[in-house]
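Going by the order they are written in, the chains are A, B and C; count residues from 1 in each one.
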Amino acid sequence: MDRRRIPGPETSVSPIIERSEDAKETPTLGEGDKRHDGRKVEDIRPIFLKTGLITQANGSAYIELCETKIACAIYGPRQTKLPAFSGKGNLNCDFKFASFSCAKRRSNHRDPQEKEFSQLLYEALVPSLRLDLLPKSTIDVYVSVIQNDGTASCLAAAITCASMALTDAGIEMVDQVAACAASYINDEIFIDGDFFEEQRESGSIVLSYMPSLNEITHIIQSGEVDVATTSQAVELCVDVCSKIYSVMRHSLLEPVKKQ
Amino acid sequence: MSRQELLNPGGLRIDGRRATELRKIKCKPSVLRQADGSAYIEQGNTKCLAAVYGPREPRLKSQIIHDKANINVELSYAPFSTSERKRRAKTDKRILEIASAVKQTFEPVILANLFPRSQIDIYLQILQFDGGTVQICINAATMALIDAGVPMRDYVCACTAGCFDKQPVLDLNNTEESSDSPELTVAILPRSGKVTLLQMESRLHVEKFESVMNLATEGCKAIYKILDKSIRDNMKDATSNMI
Amino acid sequence: MQTLISHSERDYILRGVESNLRADGRGRLDYRQVTFETGVISQCSGSARCRLGEGTDVLVGVKVEIGQIEFDGAEEVVGSKKAKWGRVVCNVECSPIASRQFAGRGAEDYNNELTQIMELIFNGPQAGIDLEKLCIVPGDKCWVVYVDALVLDYAGNILDTIFLTTRAALYNTRVPKTVVQEVEGMMEIEVLDDVQEAERIVGWEQIPIAVTLNKIGSRHVIDATPLEELATEAKLLVSVNKRGKICGIQKSGEGSIEPSLLNEMIQKILEALDVRLQQEEEVLANSSRGGAEVGQINIQKLGFFAAT
């Protein structure tokens, strides 16, 4: 028996789906260098940030970048359940896409991407925290994505949001972390790309940064990119992170000023 | 699937062996740096790597046995080991069954009472699979245990045998295994001839049983010679480097 | 694999790195010796094993199998491009043989972390592989390249070794030729068994490799040992192909990096990788002739697969 011979499946589809010419590519850059939603390449989407939404949590934050909506809750610091002694506090990150948040339904199980994002979230946040002051304790960070409009920008927004929530929980830190994503399309850098742009990108970068200390806490880049473009993107992202930082500060101070 | 001719009129099997011929065995102890003892063994196209850690402190308190060492066996298949790629979960029932068979084989042979409240870990990794998992696992584990210097009563050597049309055959490969012929796995202590494992999952006529069993035992003894030679050669190499 | 390091050990490593002399006598940017062996698993379409120094041992098996093209979830315009693409699927498994830490479910999270980094670099056009050439029937069937890495022994720097081995395994891979016929409106695929007809993966030259730089104190080292990895504050993995383009960056670890230092580290890695790629290529090109040695990389029959 020839195992490798595969007869066509019963539900065969017609081959060659060379699309007709009428399905034209919408240009990523329109007139006057405007993107499809009217932004310029270096502009981010308007940010809405608010802390203290979840009453049960020790700290919480909510972020909205147009269609991207993310909520984050912090529980702790509380006693570690593990029997082993640790001189440093333990940061436990859990990143979750709501099952209705993406174009395709996601399952309730934690999939490999969510596990990866949890890990990235941990690595981005941990340099900013003074965990050495919290021995034998655990801080739980729960991020849930309510609506996803571009996965890379979603991760960046989640990092920013989690840092805000940690601040709201009053956990001692050396600096806040602001994060920013960018898409590479046709050798140009599109800051904060949304789902439409992400579909057309050849690569992306997510950078998280502590603005007052001038330290990068995390970087991840995908796709084939020039070295020069990469360093340009890093510079741009650092600038944008500083802008996001001012928004973060503003939304922290505003409620206090009102009181 | 059409029934293949497992034994041709000339008395040769699909891979060209005679009925009572073993597949080619290659083996080597001490192949890994991290492990306390390790061994690599190849029987035809089945390739297995074994590592032994211990005796050492058990990771979980529940694993402590107060008067002897706990023997822990873990088996995993590489995803590319079979002809079609397949990832097997570590909790696969079939894998756990084989691991427990290996564990039971070694329990009476290892002098576990010398190491109370400790644990000996035997990790087995199948790199390429062509039949005879249990036998190769036992052979690899024996070599690794000896390499680790774990005190044992004797070697444990395992071999399979089957029966095609009343003709007993030795050391089945994957194609022969998946045909409907019976398969018997035997593990013996070669010096005393005692049996520590006997496994058969299909039907075999009582009258045939003895001849198949004898053939498998002969196979075990042949394997013992190969393993023993490899261990001794390795020891010689090690001692010659000492001066 | 240890998880704890004492303060004095950390200090010892730190000072060694500071004075450009590491515990095993290497400088900060020196590699350990790499030894390759290709074509070790006969049931694979391609395989390679790599040993780093006296420790880390990685086996990569590549299997090509016919699978379904995946392009749903993408918009129509993008989907039509993806409908003609084959796929690369990566998986990393740390065998308990390498370390007790990997026993039971111990390696699950680590496996996932390594797998995701592999996917970041190999899943997509940046991997260099000509995905269109892997397509058999557009919109329906394609070759799926399964890259399975198995870590057999551990002495630090697993990731770099995996990438190096994967490139060698993909070089060793042969994809069978197919003949597609339309029979009564159904597409029938015939795979030619002839080994001579099987072809190397198109675009092999552009498959990237990666190097990890470990930041210890204010300095950084290449090819860290397990103890050095424990003393590491932050790691930076950069992947580069032959065209000199970056194919992926990922930082890991619990420390942070200054932007200017980040740029410097990327530059260092680029220089290191350039040499590395050339050496590997030369060695692989000579692999058919048995042994070969270029720089720190050599190819030869290794320990256990050559057992007698």
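Note that in this section contacts are C-beta pairs under 8 Å (C-beta built on N, C-alpha and C of every residue); 3 or more make two chains touch, one makes a residue touch a chain.
Just so you know, these numbers come straight off a predicted model, no measurement behind them.
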item: Chain nearest the overall Cα centroid; value: C
item: Remotest chain, chain A as reference, centres from CA atoms; value: B
item: Chain centre separation in whole Å, for chain C relative to chain A (CA means); value: 26
item: Distance from chain B to chain A - Cα centre to Cα centre, in angstrom; value: 50
item: Distance between the centres, which are taken as Cα means, of chain C and chain B, whole angstrom; value: 32
item: Residues within chain B bordering two or more other chains; value: 83-84
item: Per-residue multi-chain contacts in chain A, two or more chains; value: none
item: Residue list for chain C, restricted to those that touch at least two other chains; value: none
item: Touch list for chain C against partner chain B, complex; value: 41-44, 47, 54-55, 57, 59, 61-63, 65, 91, 93, 95-100, 103-105, 146, 148, 150, 152-155, 303-305, 307-308
item: Contacting residues of chain B [partner chain C, same complex]; value: 26-28, 31-35, 38, 40-42, 45, 47, 49-51, 53, 59, 74, 76, 78-85, 87, 90, 121, 123, 125, 127-129
item: Chain C residues within the chain A interface of the complex; value: 66, 72-78, 80, 83, 109, 112-113, 115-116, 120-121, 124-126, 137-141, 176, 182-183, 185-191, 193, 234, 236, 241, 243-259, 262-263, 266, 270
item: Residue numbers on chain A that touch chain C, as the complex places them; value: 2, 4-8, 12-19, 23-26, 103-104, 112-113, 115-116, 119, 123, 126-128, 196, 199-200, 202-203, 205, 209-210, 213-227, 230-231, 234-235, 238
